[in-house]
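Structure record follows, encoded as structure tokens.
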Amino acid sequence: MARIESKLAALGLVLPAPLQTPPGVVLPFSMVRLVGSRAIVSGHGPLNADGSLAQPLGKVGAELTVEQGYAAARLVALAVLASLQRALGDLDRITAWSRVLGMVNSAPGFVRQPAVINGFSDLVIELFGAQVGAHARSAVGLFELPFGIPVEVEAEVEFAA
Amino acid sequence: MARIESKLAALGLVLPAPLQTPPGVVLPFSMVRLVGSRAIVSGHGPLNADGSLAQPLGKVGAELTVEQGYAAARLVALAVLASLQRALGDLDRITAWSRVLGMVNSAPGFVRQPAVINGFSDLVIELFGAQVGAHARSAVGLFELPFGIPVEVEAEVEFAA
Amino acid sequence: MARIESKLAALGLVLPAPLQTPPGVVLPFSMVRLVGSRAIVSGHGPLNADGSLAQPLGKVGAELTVEQGYAAARLVALAVLASLQRALGDLDRITAWSRVLGMVNSAPGFVRQPAVINGFSDLVIELFGAQVGAHARSAVGLFELPFGIPVEVEAEVEFAA
């Protein structure tokens, strides 16, 4: 069993199935785009194990607490890892996390975006370690996100041939 | 005639002139920045053929319908292609679309950003095909965009020497 | 003395100390991530010389004028340069600015984001010149930014081994 997959199993974490696109929605792009040694990751939201959008939807600071936002960002990390596994075959091929753009669906006056996106960063670093898992990051407050998801993250990693 | 340019002509599409900067505005950056084999594309809005900002301005879900937003995103794709043509000389040099960040000027409660940014993605895939045109994408709701434009897209493509 | 550092000194500009993380905040990521010849820069806000968050906080178009937003964006450039200096050892190693994403904490109806982010771009071009300093850029209006900072910029530069 691969290293990252065993760590996920040891943590009792399951990578979700591909996004079940909501009815009437067409998403004509790739969840992960491989260009040279770069895997460029589309914006992902939080998913249930079956690929449906995880609840609760809404804005952090209103419908969601910071803790619920953190949990949603952790689910986003799992959805991103699932897409990377499908694109790369094996998560152990990832040699470096490069960039994370964390977008938090924010209620007026909510300014704790970093505490929310830590749900993503903490899991990446726990799984990949401080060297490979290190990443540049922005965590910012969006006005609206698709379908009302509370968190969306786009990212980029390096991978080995 | 080049391949992509002929497809554009066959579709009756015209690439716009460079942005006519609104009075009093200074934009001290490059519309496309070439770094190695990467062409990094600045945020573009929808333009008329003469390079002026296309109407309507405003927020999708208020001043613009989803269909008008889709049409605006398609105009943004044409503006991006025009900038890439000026930077690369020939759009056939593009070997891969890498990344698209679609930003929709969103009315409160508007959550159909993907349907809007499809106006950009659909044209890219129609012109470049499923292999070259594939791209990672995020489509998110911004609070305000410069000059009140309804859609702004920044992107990155790979090109051949 | 290095070239960029002398220019900074000649302008009377000082690079700030590392961000003094506000109490209770954990930021588990790298301010700059080096990947090959790319230095990927996390979102930075405006800092005082001692690394504390610069005042005023708030939204441009409400708590801040455009001129104050421009000054804040210039402080963001200094914070980014300070992080790049710590990561690269010497700012003269930068061979190209690639990408700038300028995010302006925007009051309702504020649409002059480019005039604000010019505070960042103008300093980069003054210091690095038109060739090296050229960059692709987006300047957009965010709904909320962490801690209420008025401007956040993430960026990417190329550097020489």
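Order as written gives the chain letters A, B and C; numbering starts at 1 within each chain.
As a convention for this text, a contact is a pair of C-beta atoms (placed from the backbone, for glycine too) under 8 Å apart; a residue touches a chain by one contact, two chains touch by 3 or more.
None of the values given here were measured: they were computed from a predicted structure.
S.K.: At the chain B/chain C interface, shared numbers over all numbers used: above half (same) or below half (different)?
M.R.: different
S.K.: For the identical-sequence pair chain A and chain B, what's the CA-based rotation angle in degrees, nearest 5?
M.R.: Superposing the C-alpha atoms of chain A on chain B needs a rotation of 120 degrees.
S.K.: For chain B and chain C, what's the span in angstrom between their mean Cα positions?
M.R.: Distance between chain centres: 25 Å.
S.K.: Enumerate the residues of chain A that touch no fewer than two other chains.
M.R.: 101, 142-143
S.K.: Can you list the chain B residues touching chain C in their complex?
M.R.: 25-33, 35-36, 38, 40-43, 101, 103, 142-148, 152, 154
S.K.: Applying the document's contact rule, which stretches of chain A touch chain C when the two form their complex?
M.R.: 96-101, 106, 108-115, 118, 121-122, 125, 134-143, 158
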